[in-house]
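Here's the structure, in structure tokens; my notes come after.
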Amino acid sequence: MLVDWPEEELRRYLPERDEPDDFDEFWTATLDQARERATPARFVPYDAGLATVDVHDVTFSGFDGQPVRGWFLVPRDASGPLPCVVEYIGYGGGRGLAHERLFWSAAGYAHFVMDTRGQGSAGSSVADTPDPDSAGTPQTPGFMTRGVTDPQTYYYRRVFTDAVRAVEAVREHPVVDATKVVVAGGSQGGGITLAAAGLADGLAAALPDVPFLCHYRRATAITDAYPYQELVTFCRTHRSQADRVFSTLRYFDGVNFAARATAPTLFSVALMDAVCPPSTVFAAFNHYAGERKDITVWPFNGHEGGAGFNQGVQRAYLASLLDA
Amino acid sequence: MLVDWPEEELRRYLPERDEPDDFDEFWTATLDQARERATPARFVPYDAGLATVDVHDVTFSGFDGQPVRGWFLVPRDASGPLPCVVEYIGYGGGRGLAHERLFWSAAGYAHFVMDTRGQGSAGSSVADTPDPDSAGTPQTPGFMTRGVTDPQTYYYRRVFTDAVRAVEAVREHPVVDATKVVVAGGSQGGGITLAAAGLADGLAAALPDVPFLCHYRRATAITDAYPYQELVTFCRTHRSQADRVFSTLRYFDGVNFAARATAPTLFSVALMDAVCPPSTVFAAFNHYAGERKDITVWPFNGHEGGAGFNQGVQRAYLASLLDA
Amino acid sequence: MLVDWPEEELRRYLPERDEPDDFDEFWTATLDQARERATPARFVPYDAGLATVDVHDVTFSGFDGQPVRGWFLVPRDASGPLPCVVEYIGYGGGRGLAHERLFWSAAGYAHFVMDTRGQGSAGSSVADTPDPDSAGTPQTPGFMTRGVTDPQTYYYRRVFTDAVRAVEAVREHPVVDATKVVVAGGSQGGGITLAAAGLADGLAAALPDVPFLCHYRRATAITDAYPYQELVTFCRTHRSQADRVFSTLRYFDGVNFAARATAPTLFSVALMDAVCPPSTVFAAFNHYAGERKDITVWPFNGHEGGAGFNQGVQRAYLASLLDA
Amino acid sequence: MLVDWPEEELRRYLPERDEPDDFDEFWTATLDQARERATPARFVPYDAGLATVDVHDVTFSGFDGQPVRGWFLVPRDASGPLPCVVEYIGYGGGRGLAHERLFWSAAGYAHFVMDTRGQGSAGSSVADTPDPDSAGTPQTPGFMTRGVTDPQTYYYRRVFTDAVRAVEAVREHPVVDATKVVVAGGSQGGGITLAAAGLADGLAAALPDVPFLCHYRRATAITDAYPYQELVTFCRTHRSQADRVFSTLRYFDGVNFAARATAPTLFSVALMDAVCPPSTVFAAFNHYAGERKDITVWPFNGHEGGAGFNQGVQRAYLASLLDA
Amino acid sequence: MLVDWPEEELRRYLPERDEPDDFDEFWTATLDQARERATPARFVPYDAGLATVDVHDVTFSGFDGQPVRGWFLVPRDASGPLPCVVEYIGYGGGRGLAHERLFWSAAGYAHFVMDTRGQGSAGSSVADTPDPDSAGTPQTPGFMTRGVTDPQTYYYRRVFTDAVRAVEAVREHPVVDATKVVVAGGSQGGGITLAAAGLADGLAAALPDVPFLCHYRRATAITDAYPYQELVTFCRTHRSQADRVFSTLRYFDGVNFAARATAPTLFSVALMDAVCPPSTVFAAFNHYAGERKDITVWPFNGHEGGAGFNQGVQRAYLASLLDA
Amino acid sequence: MLVDWPEEELRRYLPERDEPDDFDEFWTATLDQARERATPARFVPYDAGLATVDVHDVTFSGFDGQPVRGWFLVPRDASGPLPCVVEYIGYGGGRGLAHERLFWSAAGYAHFVMDTRGQGSAGSSVADTPDPDSAGTPQTPGFMTRGVTDPQTYYYRRVFTDAVRAVEAVREHPVVDATKVVVAGGSQGGGITLAAAGLADGLAAALPDVPFLCHYRRATAITDAYPYQELVTFCRTHRSQADRVFSTLRYFDGVNFAARATAPTLFSVALMDAVCPPSTVFAAFNHYAGERKDITVWPFNGHEGGAGFNQGVQRAYLASLLDA
């Protein structure tokens, strides 16, 4: 069943944005600090047993200069410069094993898979990056409420900074065409994609797939699905801090990042997706500032969205975009 | 929690086999008929938008000469002859999209992904192969009981024949080293792998991963999980036909195929797997006739087993096996 | 809770019909072909161990002349001619055992229970009729998507043809008053009843009880309940074929059959029925072309609807209708 | 999956009985009191709209002389004397509508359906008999713990007395052959059947189908299924009264009634039945005192057991038993 | 997610009341009868092993003079007269153990915890009060439909009378300031609080917390949660008695009691509460007749509402109210 | 149903302990470091609006000297010295609100409720203590796997140290009789109680109620219930680290602490408790070194165990123990 309005209404939905005055200062300061403390990314060759792909185990400087891991994959005979897809991962997972994400390199791209700090133990893909700066304040199990009572300590401040720094890190690699860096990801990875699109300059494209981390108020009002429900669980206990939680979230809302993003974009959304309800996705899409924007609608799908089909759509989109 | 006995007991479990006298005649006749009606496999180049892999859309003659589809992937610059992994798919899925299964070609192998006839509409990977020979007799939704009241009409008679024919089909292709064909697959794909290992000659290896379709009596006695439960559902309605059902299944039991298989093998099993309980897997493994046999035990996993980790284990196993 | 609008709105709901131009040609051709290939129905006396009912095991020619089974029950001392209730069965079940459906014969009617081809193994009532003409194309487990990508191959083309032929078959029997044949059934049986009411001539009445197979678009938009969900599951995988699926379904929509049906009718509907939501039932009822039409509303029931109470209502309705 | 031991072990299971010394005195006194306060049963003709069955709405004197309702159905042209099946109903249901239970009369028997006092509002069949003598003591929702802290006030004291009185009531009717009264029922009805078989004289047969109300200690130890779980829920709250509860239950255990029953019997049991686990049924069966005893085993069924198939088995059993 | 309208709409929701003409006569007669048959409450000192609280085991005359139990707790060194909180318990529970409810006495109040007749065996708190006057008519498991077909026999007629009598009983105790009796309770206890507030004179305050037993029609239309669902279950079986059920409920609707209540009140409501949906609570609140009324809204909570936080809010409210 | 062996077997169950050689050194070093960095506990009077209890908001030095919060409650007119109950909280909760835990002070004890660092946001009781020393390494949502790959970084190293320090902190308060400190808690609080009993000197008693954190290997083998399942989830992803995880857990196993504990103890255990299965509790109890030991068995309860009844049992136990 449809979890939200019909598509026509979704396409018209342009809610007022809820944005703090110092949104841009907050992020400028955060990113500046990260860059100041950054050291060059290290790309260590890694034997993944593959014949057609060169794999590197990467460590780059993320939030506050902290080390963040990732996989860098390029077609073995690549002469470069290559366009590069920087991919962010869905909730609970990490960069996984190098041989688990072979699509973009097989399609002829450099491909960077960023670890999500602290995640990677939920039964799906593994991760190797700690989140050392956690304030340790009481939190609902999961990551949505880690440090959520203050924008300075909120978990996604660190993750989004890592995401921007990942773009900068791949640009350091000689095989990458720095003008052709694409950010991409599904679900949480889609939310991080929006943040990167709003914060990083000169991106060639942004591909948020069924993005999470958008329009938190409405999300918690219309769905009980996790992980948005972690916010509800936290506010359910810490009854007096709900306003503070939502005040923090204004700095981390995909809707606000979308309004600053200018790269060409191809979203996807699924109309039966209770995890990332369509109206929260369209709220970001309809506010997206870039002029060249499209959205693929999967009418009968849940949070899996277009899955492999969407990969095909994205590949074709990038091919036509980057060849032009 | 463990769904079965502790590992030590599992390793000792060697139940008496329940096998019809004409097991071999049944399969010889079935395969002979398929071969008689076979036409050469067609390998049609397919543009999957990939830069490092050549993809072919294959149609080969399966059961009774019926057309069966598959993807054939080889590294773009492969000079051959290459070892080839023939992969069978888990329950409900089909060959999917060509770009969804890039591991074996990236690892330097020719790779053939066989469609499972009639399946491919359950929400996961798609398929393009019909099952035209269905008798149409009343069946429990799913595929486990399609034609189950007679070995001649049972669904897996057609699927297992397709599987053997797939091995023969890839051997026709010039890039494949016909002495180095490996059969592999997880869950239902693992059950089909065992059937192929018991019925096809000269295989280089068999890699059944958390195999399904083994030791049906015990499976239905100890788990309520689907798809084994489809058998129970059928017998629950057709109360008088239960003996006939289990009589049919003797021709399709992985335990009986294992007892005929001689290729080197690497099984995997997960001790918290309620879908394919460990004792049903060990029943096949312990009866496996080949002298060179190993099993990877995932003690804390459910039916996902080793997932990407298991791919790594399999890759290393084949590398050492085929290089020797 | 109510699964749809309040009753007042439901009574006013008259959605535009979505109907192909060749709807009538399609069905005329299909039925003509079935009649051409038909042989006379066989009524074989069957010993069900009953003292007050004569039971016959019937085989009649259904779709494409294929044999379809049914039970024919008449009160033992019936002198005839008797009115006859032709009953179609709910999803997953078959004609069952002869002694399981004693109501209509006890009430003094001839009663024919038609098997639903291929079904009857889902844990409820058994069946004895195969569906030999299945195209075997990939399908979601169940029957809703068997052959759904083409009206010619769709499963319900065969079932609805069987239903019309069943009416014709009972008219061949001497004890039946051919002018007093009533079609009836609940859920899927109600959907088949609507098809028969739209396709068969001269029916005395149609009694669709909480009918399924109506207004597919809205059904998939407002409920996640099975079996409508099988359509969603299929479209979820076969993303590019959704339009084709719904194009096929236009030939099989109870709303379109209702618009052609002229027999007196008594529907039933339950306002807490998520399986066959009330608006999909009222869409058919409000479009029903017959002038004499009534609907029994069960406000607190789910898909069980009126159950035995509804039987009583139907009996009284027929008594007053047929005696007049 | 099997919910208990394999069939061979079940057939050998003969647990020690836990029985109070005054078991027989308790029941003799209870029944004597009921008989003293009894008035003759009233059989009021009832128009159920049926052509082949005569229906009577019966009121007879049950526990303490309280009025209990039932349906009495006989084939319309019955000349008598007829054997009579007295049927008790499963948990939560009542006698329902007269036209809902047509099997036994169609098979040529007189048939009496006894209401279960107080029940009949759980969404299935309705009832018309109150339970006026309820002590009103705190109870777990349901009926298992109504008055359970004392044998004198326990709900089933009243129900079992009703059951014996029902046998006596039908014997008053001229069409019934008093030497050929059979008691029957499934689940709770099977438990009541055992009680009647242990307490009533001269029964022609007892047909307990997947009987409930047997071997309470083991039942609560091995299953979480309702309604046995109501006992656990009660003891979970009333922690200090558990011993008292089980002390009461000794007077109401089907195992103890079976040990007193001498009529020929045909049990049924289902090996995948978690509601009435097979070992609790076999405990009663193996203790059953009658020499002529059989049990139908449904190996793949849950609590539905043999359903319509079991009716057929029972019909054939009675035919051969009563004709001999 | 929100289970009902946004807060702004809830605050404006003032549905027409559905009230029988003889509502007041009904209750006057009921209460008069109870008072006529009442004997003085007995306060028996009880050793609960506590050092700072004096506990009494109370028996007072409730409905029809029947004995009802409760705990009476006062701070050990209380000189009185003290304000007294009379507390009613949530569905399924009873007065529990004396040491389980220490809040109000610790806050300096006399505190009376009334048992809910017949309840107290559902796995939570125990009870010691029977419901001897139960008519024993067929009912859905639980208490919502006990005697529901007639206002005279309905379970809550007895409970609400007990509640009013409890207020009168505590006023008999010398330590209680009879002008400062407060009624309070959560869920079912909140519904009983509303009844007491509408029926008892001279209350100092009413504190209904997420009250149940309000606006039954809408409740059954918008939620499937228990215990409101018990009403649906009953009407689902007893299809012809639904009107009678809702006719009875008009005498027991918190909305109608609220319209008669004049004591200062502090409600609470939770916007994610599916058990007692917010619109049913606001229907009572908005109709509440007392001029001094407030409501605490817990926006992210389910049926737990404010829990301990709400206790703090209530304590502060009473402190300011009763000191003024 | 029973989740483990019958009580007789449980009482005999004495599994071999799995303990590292440096267990004692590990804990001595950890506690020494904490004590070195400790500052005196601060007891700040707190107005909880209570009339009979004095409440203090306490901050004491826990692991590594980090501040940990707690509530300290004493009867208002206490002259001291009083015995003191130090209570640890169940999984997911924190110290909550001061007025939520009034039992022990009402019973005449000083009562200290220790916050559990980092927890307190799971929908139950709140907390105010961060866990600043988290390594931030990837973890399964929850707390069971925080830092679990190394004993030095494991979460419960910090919590157990806090627990010992809490005992030392209350001994600093003048109203407390330092020779009469009792440790207590349920579930996780019971596991912490065992740790404190094994690590702190001179305790008057230990009251572990349905203790968690015992016998991890068996726990993960026999139950799927959370929170033990968090360990499985972690090992399911981090397949190669399972041995390391269980190696770490040897330092934190209640069985090993029990073997060092000498204070008189009263355990409780529930035989239907799937969260903390009885055999894991009896493993600790049977290894408990103190000579004076008892266990209360709740045969029909799940993880709620004896609840308020158990409080009564504990109160009586302490009364008799401390008065002697």
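Note that the chains are named A, B, C, D, E and F in the order they appear, and that numbering of residues resets to 1 at the start of each chain.
One rule holds for everything that comes next: a contact is a pair of C-beta atoms (placed from the backbone, for glycine too) under 8 Å apart; a residue touches a chain by one contact, two chains touch by 3 or more.
Here the structure is a predicted model, which is why all the values come from computation and not from measurement.
*Asks:* Suppose you list every residue number at the subunit B-subunit D interface; are over half of them used by both chains (same) or under half (different)?
*Replies:* different
*Asks:* For subunit A and subunit D, let me know how many angstrom lie between their CA-based centres, rounded off.
*Replies:* 63
*Asks:* If you average the Cα atoms of subunit C and of subunit D to get two centres, how far apart are those centres in Å?
*Replies:* 37
*Asks:* Report the inter-chain centroid distance for subunit A and subunit C in whole angstrom, where each centroid is the mean of the CA atoms.
*Replies:* Whole-Å distance between the two chain centres: 50.
*Asks:* What positions in subunit B touch 2 or more of the other chains?
*Replies:* 123, 125, 236, 304, 309
*Asks:* According to the definition of touch, which chains form touching pairs?
*Replies:* A-B, A-C, A-E, A-F, B-C, B-D, B-F, C-D, C-E, D-E, D-F, E-F
*Asks:* Once bound in the complex, which stretches of subunit E touch subunit D?
*Replies:* 92, 94, 117-143, 145, 233-234, 236-238
*Asks:* Touching subunit C in the complex: which residues of subunit E?
*Replies:* 220-224, 232, 235-236, 239-240, 242
*Asks:* Taking the touch rule as given, give the residues of subunit D at its contact with subunit C in the complex, in rising order.
*Replies:* 49-53, 75-77, 96-97, 99-100, 102-103, 105-108, 123, 125, 304, 308-309, 311-312, 315-316, 319
*Asks:* Mind pulling up the subunit D residues that touch subunit B in the complex?
*Replies:* That would be residues 1-2, 272, 298-302, 304, 306, 309 of subunit D.
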